[in-house]
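The following pair of complexes shares a single chain, chain A, combined with chain B in the former and chain C in the latter.
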Partner chain A sequence: MSFSKDEIMTVATSRYIADGDTVFIGTGLPMVAAYLAKATHAPNVALMFESGVLDPRPRSIAKAVGDPRLVSTARRVSGMMDSLLMLQGGRVDLGVLGCAQVDRFGNINTTAIGSYERPSTRLPGSGGANDIASCAKHHLIVTRHNRRTFVESVDYLTTPGHLTGPGARQRAGLPGGGPIGVVTDLGVFGFDARTCEMVVESVHPGVSLDDVRAATAFELAVKPDLSETKPPSDSELDILRTRIDPEGVYL
Partner chain B sequence: MPGSRIPERLVSAQEAISVIPDGASVAIGGHTLRRHPMALVRELIRQRKRGLHLLGWNNGIDFDMLIGAGVAAKIETSYVGMGPLGLARNLRRHVESGAVETVDHSETTAIDMFRATALGVDFLPNRTPLGTDLMTYNDGLVEITSPFTGQTYAAVRGVEPDFVLLHAHSADVHGNVQLDEANWGDNTVDPFIGRAGKHVIVSVEEIVSTEHIRANPRRTFLPREYVTRVVHAPFGAHPCCADARYGYDQDELRRYYEASKTQETFEEYLADRVTSVGDHWEYLDKVGVANLLTSATHTSNVKGADTA
Partner chain C sequence: MSKLTTIGAAARSVAPGSSLTFSGFGHAGHPLAFVRELIRQGTADLTLHAIAECWPAEFLVATGRVSRINLSNLMFEGLGRCRAISRAVEEGEVAVDDHSHLALSLRLLAGAWGVPFLPVRSMAGTDLAAVQTGVAPKYARVRSPFSDDEVGTVAALRPDVAVVHVNKADEQGNGIVYGAMSVVDAQVRSARKVIVTTERVVSADEITAENQVVTVPGIFVDAVVHTPYGAHPGGMYDEYDEDLAAMSTYYEASRSRAGLAGYFAEHVFAHADHAAYLSSLGSRRLFDLRADPALKIARGQK
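What follows is the complex of A and B.
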């Protein structure tokens, strides 16, 4: 079956979600990916929404994606203070974030393009993104891939990746482990264990390494065993299209 | 009780807002497009307040409208955006031109500004902003060392806003403020904001008796000890939603968002919806009973709006 860019990004994202994890999740593509993981390889994943809903077991997945009041089957329903406490107390295994700019260490800017005081584009700011990236055991970055986004250095460091490299998070005093991967419409990226710099792990079908380099404003390392991203299976696509997002609201 | 000395604090929105001087610090409750005290926000604009320092933890149309109306000189929060609609356009215009100063936070450091004061201390330790530019540009975040373990923390400076504006479901005339049991969880932050201000003005959907408050004491989220003024403002969060009481008015949010594209069209919006309207009651007439009562049941026309 052919698939869209959003669909391969969703499937690649879902593969980072392990069974039994507690995952802090926003709306949009990451939420769809989390429900896909739950419907496939990670039935026991506990989704934590910022609103305080923990681990809902919706009868209908499609309904769950569109309805914020997933309270009837949740393990706990609380509020924002409580979901942020779970983050700060280190009880969240994985967070998923978007970005406007990202650098080779996975540092994210969602505050201002250009100078901080007189930006060329003022963005919304951190919201909960900094809190997630600082405190979750690990986080994943999901974004479209182009040279405006993948920059040599971020104009404003809103949300910490690996900061300046090995050991920098720990020296700064950050509790969480930092980014473990980046999923884009071109490929899947990891972070080198020695340098903490972004490396190409796989390119999506039909995408070349040159395409990725052309869309990235910093030098990208490449994994020696670079592969092609495993395409979405027919059954994954079927679940996405018929059960999770049948009206195409999110993808 | 004859000769009761418990003061009555119910006033009109005009009276409650009239005491706020230009240049005051004003904290605003609610979350993105949820339960912001919009009737009070519109009254700030009607009374042509200037130079306000706005504080919040996660803001949307409340800050954007005040910025576009020239009311705000400085904003301090973790987020200003229009949720699923997109970027806050008045924020963009006025920050990019240098007209409005920004102080940025993470969500938890923004909350800790208020939580510190509510706890009676002048700072709280927090780890989230360490190593980021939140520390570089916000002098209310300063690196400190734990006297117990040597661990590095950011000290988040507590704030005591001159005024706090909140919207809630009900209150008595003395300022005992309640939320329905059916609420959406964002209101676990408002109680901290309400406990941090010098003067706390709460608009509510309905005024109830103190007997009603006492019959449902678990719903009281801000007792009168914290509250200086109560304002009766049904649909006072419109066009934001107010938990289970009413949903977003998506047509109105869209109209606002389209109008905010340019300063000129935004001023036309303000003239139509705010400054040409005498007060909140006239605003409700303008929106119309049928619109108010049915907007929540309209099918979503904003992508992803249901989960905002």
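What follows is the complex of A and C.
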């Protein structure tokens, strides 16, 4: 079956979710990916939202993290501080974050483009993203790939990746392990264990390494065993299209 | 003595130049009837401590009532950026100081608990900690008194006024919020004055019957206002869905300053009060938004 960019991003994201994980997410594509994981290889994944929703089993796809579809089917509902303090306490295995800008160390900007006090574009701000990236055991970045997003240096560092490189997170006192990967519409990226810099792990079918480099404003290292991203299977596509998001809210 | 009052009197008790914090998260639970009344009265030069109250903040900024915002996140889920806020910041009309959700919540909690600061792991190593543009510092690192660890801390905040919308409250302001409570507990405990707007005013016995879920203790509350559909055009959990058509009317209008002026003329200033606003919507439209008691969303919604 042929598939869209959103579908391969969703499937690639779901592969980072392991059975039994507690995963901290927002709405949108990461939520669809988490439900795909739950419907396939990770039936025991528990989802946590910054609204205080824990472990929901929605009858239909939610449109917001405070959506009654989540609240009314969750095993527990509390408030923001409760969920974020469980996160700070080290109870979250994986967080999934979007971004407006990201640099080679996985540092994210979702606050402002241009100067902070008189930005050319004011963005929404951190929300829980900084909390997730500070304290989740690991986190994943999911975003569209272009030179405006993959920048040499972020205009404002909202959410910590590996900061300035090896050892920087520990020196800052951040308990979480930092970003383990980046999923885009062009490929899947990891972070080099020695340099903490982003490396190309796989490119999606039909995408070349030159395409990726042309869409990235910093120098990208490439994994020696660079591969092609495993495409979504027919059964994954069927689950996405008929069970998880049949209305096409996100995909 | 009953604390029941009118929405007009409650709004008049907010002085110009006050700092405010509002309930709500996403598209639900915001005290928007109160915000519309505040806008009618012209109360300006406000400071907001805004964690998730995107709609109150956007409405007040769009009408020029706000000078400064301590914020953690302001966006409209499923729609996009809050355009009036973004424009006001880009044009230098509103000053901002950014936090993470947890950090700003803990600032309110420190204010609520009567301590000068609380420790937090978030914000370390980032511009949220390094760039401090508020009237007072928000973040500092300290050595733990019990080990060699260094830890971040955030400074206590005490808003002048918290305005929270609840499902039901008694005449003393003991309020119950169903669904996710966002940061209402920290907001009402940290603020110097608390105004409760409520879908229903109920007896003390009805509150006592559910006394383990009273998020708003009446001892903190100064005023109670009976405000059915008080979160419209947003929703209220277990009461009514958000009004997607009305929200999108606003969002389209927010593309330009002229559009916004037209929106507030038609939807706020044209109505003497909240009752007139509801009449303009009509009972059929309001009825159709009612949440099914089992599914918690309006009938016919998927």
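The rule is simple: the second predicted complex is superposed on the first by the 232 of 251 C-alpha atoms of A that agree within 3 Å, B and C clash if a C-alpha of one lies under 4 Å from a C-alpha of the other, contacts with A are read in each partner's own complex, and residues count from 1 in each chain.
The working rule: a contact is a pair of C-beta atoms (placed from the backbone, for glycine too) under 8 Å apart; a residue touches a chain by one contact, two chains touch by 3 or more.
Computed from a predicted structure; not experimentally measured.
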Side-by-side fit of chain B and chain C on chain A, or clash: clash
Contacts of A:Met31 with chain B and chain C, given as first, second, both or neither: first
Partner chain(s) touched by A:Ser51 [first = chain B, second = chain C, both, neither]: both
Touched partner set for A:Thr158, first chain B, second chain C, both or neither: both
Which superposed partner A:Asn130 touches (first chain B, second chain C, both, neither): both
Contacts of A:Val92 with chain B and chain C, given as first, second, both or neither: neither
Touching partner for A:Leu84 - first (chain B), second (chain C), both, neither: both
Intersection of chain A interface sets (partners chain B, chain C): 27, 51-53, 65-69, 77-81, 84, 88, 111-112, 116-128, 130-131, 134-135, 156-160, 163, 168-169, 172-175
Chain A partner contacts - residues on chain B that touch it in the complex: 31, 58, 77-81, 84, 87-88, 91-92, 95-96, 98, 101-102, 104-108, 111, 126-134, 137, 151-153, 184-189, 303-304, 306-308
Chain A to chain B touching residues, read off their complex: 27-28, 31, 51-53, 65-69, 77-82, 84, 88, 111-112, 116-128, 130-131, 134-135, 156-160, 163, 168-169, 172-175, 249-250
Chain C partner contacts - residues on chain A that touch it in the complex: 27, 50-53, 59-60, 63-69, 71-72, 77-81, 84-85, 87-88, 107, 111-112, 116-131, 134-135, 156-160, 163, 168-169, 171-175, 247
For the chain C and chain A complex, residues of the former touching the latter: 25-29, 51-52, 71-75, 77-78, 81-82, 85-87, 89-92, 95-96, 98-103, 105-106, 109, 120-128, 130-131, 133, 141, 149-152, 179-186, 235, 237-238, 241, 291, 295-297, 302
